[in-house]
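Look for subunit A in each of the two complexes below; its partner is subunit B in the first and subunit C in the second.
Moving on to the complex of A and B:
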């Protein structure tokens, strides 16, 4: 008798919290995205789709899309590709595989805010160790020839590396030519170890017999075996890894705050990623309508990526 | 085993990758031991390579120096003891003393400044309070729900489980703004509650524990019921002990995520340093020192990053399991 009521007692805290933390906020976000609400204002007006319209037409949001899409398009393939590459290499070596695995997983554990600041110190235009390393290569002939491409007949001083050797040190974070790509680099540095571990888990489920069968069918080279056995067998893992990488890439925020933050999103807003826009518009400038609209767009993006994943999983997973 | 020509190439690639991955960790530690000059030039004052530990030549701690420069009264009282010397001379004697007292090894200086220039201990304590509270509340909410969803029959069970699966798809970033508005309306921003409440429900935790409980034989539960245990005590005295491995993995997942989280504290904590979590404190430290005190800043970074890294190195397998648990969905 009592236990019957207990059943509901057990789930009710979770149910209430799901409603409070997911259900109601989503409703609020959708509702506010059609208004010009600000915290502290007593009244607000419905503005229809104006906030959304702004996000897709105004030039300041063009920067947001530019930075976000650049980041996503670079970071997703690289974290997935490097994750897969590292997993395949580690899986195929006979010694030290545990050590590599541990090292590659370190950035996943480390506080990204702290590590991004370390990268910033290393990338300092005059005092950073990266530029120091670059300029020390200028004095070594073969490195100079290699990187300036003068060995294939390029004019050395006109090349990128040549201009560094002439004293034009790249300002990695302050130059809008580099800024977003450096943010991408740190994103890849941090993220690929996670994907590697997922791929390693996926690889343990590829059966030895399949490789032997492939070999008997004439798949002699490593590449052929990969194409015939490993890659198809990793299909479900890949779908999952790609999905989770997409969702994470849309959430990038820490690196931008570490590098620029507190008001700026990089030179000419070149690192004005989506989360930064939500934060800046919704919380700092109190333009909650716009912030809510970006949140809703973000949610729709994430949900559609997940739906595509589910669709692919339904269709493809069953062959194994 | 056949000699594999590919092995050296593979190791070469992996070592190359490992160097790039480790580089910032190496730099962070090395910088935290070095003086500003060594960090900026890679060399010590004699022009030699500074090395990992720096050369540890003593340098004057500017903060110590500034806060101890001789006061008028000190000079005056010393002048009484040293007749015949001018005020200037006495002042210089005192100044020399201060300078000598403020000569410190860079490593020592960086770490003392890290802990004194900002309430770093407070940040660490906040990190512990917040991550521990979040994990405990997550368990208190998730365990009974997971048990009910896995082992009890009641109307609406399937519906609730569907809701859990739906919420699993929603990243907290998407609801951050409305949550912030709700907390602001309740006057709860800038409080521990704001840092903790949004994370008290882990739909992932519910899902994970439910899947785990499904594998626990019903006999255990029936035995408990025969002994006259209430459903409530079955959860904590029968189910919880069986779930320790899964719970441990979830603990690692949860603690790592929230110790390192920056976005949410940044949203709800505005300006009250007593509530800063370690990543937020790190960011503010950088801001306050305008990024110029690289040594102390790196000492802060080392202090924040080390606890999890050390725990990870000790229990790698469990950590990798725990963090990639989300891969089991």
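Moving on to the complex of A and C:
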């Protein structure tokens, strides 16, 4: 074997796998996104950018953008923030930390489909425990006053809680006012435990002497120590956690599928997130071209977020 | 006048006690070294003085004020850590500014982004302080670098700078030289001593390296098993250690300790060798100690004959590890370059111990003054 090309042989197994698993499918998806192909059809026609044009103009895709962006904007900061908060709290206690870790990590490990059924039961408009809890609060004066804001002079019956007490129980999953936010909530509940574990791992690498140095230098409050030592040390972890959270948020599918799999992505398509759109167009309706186009946009989005992360954050992050 | 006073402190982690009844008075502007083998509690003692460790009982005073329950940041001490503990994301200048900012600016003035516009004048003053300190430590060119871009010695100076910049009551140093290479360590020894003279601030220095303790300090405390065994000037510790443990720990190579006896007239005998050296004590088993340099290579008065087992070449001197027939312990002697002629492993060497320089220890290892010699001389 010619030793000058030996290095190609060394990388070839990885390269071949990469091409087979990533390169070729992506290329095919990009190709298909410019066609009107459907599974089973013998022929297809090139339609140029028509699929993409549809995605950015038609109102049904407007819903998709709305739902996806709402989900991402709510879920990413909350999962990162709660993950960090939980990690800091667990890191600061000496006893029972294992128990707390388990509790917060359980939703990550649990099968989401099963959990979604539990949430469905809990969120049921009449029989669900959440609405039961809300209505039981109506009979307790101070809770009623607190939540209706009547203690600051608001008209009780006009407030949100007041209307619940008047019998208008919220239909959490069926009302388009609530649907996407409930999906967000379950997404946060399910997702932050994973970030917590990543942050816990990051916290173990923070040098104890740095905290001592900060104390000697006069950093008296916990906030100052956090600003001076913990947060900078967690920089690399945060880059990773934020990127992963973004990608996971764009990929959300299972919660929507579990809640609304038989309908059409929630009341008035209010939870019509991107992955669900790909699934619905490409698989259910057999519009492979449109499905591929959404996939390509999804790919570009995730890729650009990752690249922006690298350029913006990594420059300021210190890797020791 | 005492600057820092540590009184009868005890410290334990669970059931293992790390510090047992330590009292130490540190004078103002003194360079004091806490030296001892690893695990002897010297770093813990330093952290206790800093306030970073809680104590079980005892009191600590700084400038006559009881600071036992004062938190570290309010004690106005500065510490240099073994790992330097520089903030890795900040430049050297920002590192040095941190203690100043945290003390001199209000939390509002430290507010991110906008705070600095409300504290312009103060910040300018702090900048001047930093550049003055950087001048002393020759850090000027490094001010805009991050710790990751510095060499070990530079990092060490940056850590010193961060400690110096706010003019503390005392410097606490926890093995600051142990991460440096040998040549730099020797160089930094003299630099630290100079710095101490220049600044006129109390230095409390922890090390396991007796050479650092002997060369730099005004006084040194030899610690072992959570106790201070001896606290004295370096030359006193070397020449008059108060027990075998101290004698063995200080000095390189290790002091030679041999069992000995005195007869009923008080004459000392070591192994087979009966000396005409008279001591005050009679008919007792004791230990004697002599440093490797306190021997005489003289054929006439030779007391011992040893076989060379191992030779250590130090350039200026040679250490010979000898096995002497009548003695169970190996003996290490130091001979100078010019005396070292044709000595190989297994050569036989005749030598005598300089009896005037002998240290006497009782069976419990406590040193006592047994020499009759000086006494006799005075009478004569």
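The rule we apply is simple: the second predicted complex is superposed on the first by the 288 of 320 C-alpha atoms of A that agree within 3 Å, B and C clash if a C-alpha of one lies under 4 Å from a C-alpha of the other, contacts with A are read in each partner's own complex, and residues count from 1 in each chain.
To be clear about the criterion, a contact is a pair of C-beta atoms (placed from the backbone, for glycine too) under 8 Å apart; a residue touches a chain by one contact, two chains touch by 3 or more.
Here the structure is a predicted model, which is why all the values come from computation and not from measurement.
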{"item": "First (subunit B), second (subunit C), both or neither touched by A:216", "value": "second"}
{"item": "Touching partner for A:189 - first (subunit B), second (subunit C), both, neither", "value": "first"}
{"item": "First, second, both or neither for A:103, with subunit B first and subunit C second", "value": "first"}
{"item": "Between subunit B and subunit C, more extensive residue contact with subunit A", "value": "B"}
{"item": "Which of subunit B and subunit C A:224 touches, first, second, both or neither", "value": "second"}
{"item": "Touched partner set for A:197, first subunit B, second subunit C, both or neither", "value": "first"}
{"item": "Partner chain in contact with A:207 - subunit B first, subunit C second, else both or neither", "value": "second"}
{"item": "First (subunit B), second (subunit C), both or neither touched by A:90", "value": "first"}
{"item": "Subunit B versus subunit C as contact partner of A:111, first or second or both or neither", "value": "first"}
{"item": "Partner chain(s) touched by A:232 [first = subunit B, second = subunit C, both, neither]", "value": "second"}
{"item": "Touching residues on subunit B, where the partner in the complex is subunit A", "value": "1, 4, 6-7, 10-11, 13-14, 17-18, 20-25, 27-28, 31, 39-42, 140-142, 144-145, 147-149, 152-154, 160, 163-164, 167, 169-171, 173-182, 184, 197-198, 200-201, 203, 206, 230-232, 235, 256, 259-260, 262-263, 266-267, 278-280, 282-283, 286-287, 291, 294, 297-298, 300-301, 304-305, 308-309, 312-313, 316, 319-320, 323-324, 326-327, 329"}
{"item": "Subunit A residues touching subunit C - in the complex, by the definition given at the top", "value": "207, 209-210, 212-213, 215-220, 224, 228-229, 232-233, 235, 318, 320"}
{"item": "Complex contacts: residues of subunit C adjacent to subunit A", "value": "47, 50, 52, 71-73, 77-79, 81-83, 85-90, 98-99, 102-103, 146, 148, 162"}
{"item": "Of all residues in subunit A, those that touch subunit B in their complex", "value": "2-4, 6-11, 13-15, 17-18, 21-22, 24-26, 28-29, 32, 39, 82, 86, 89-90, 92-94, 96, 98, 100-115, 117-122, 126-127, 129, 132, 189, 193-194, 197-198, 201, 222, 240, 244, 247, 251, 253-254, 257-258, 261-262, 275, 278-279, 282-283, 288, 291-292, 295-296, 298-299, 302-303, 306"}
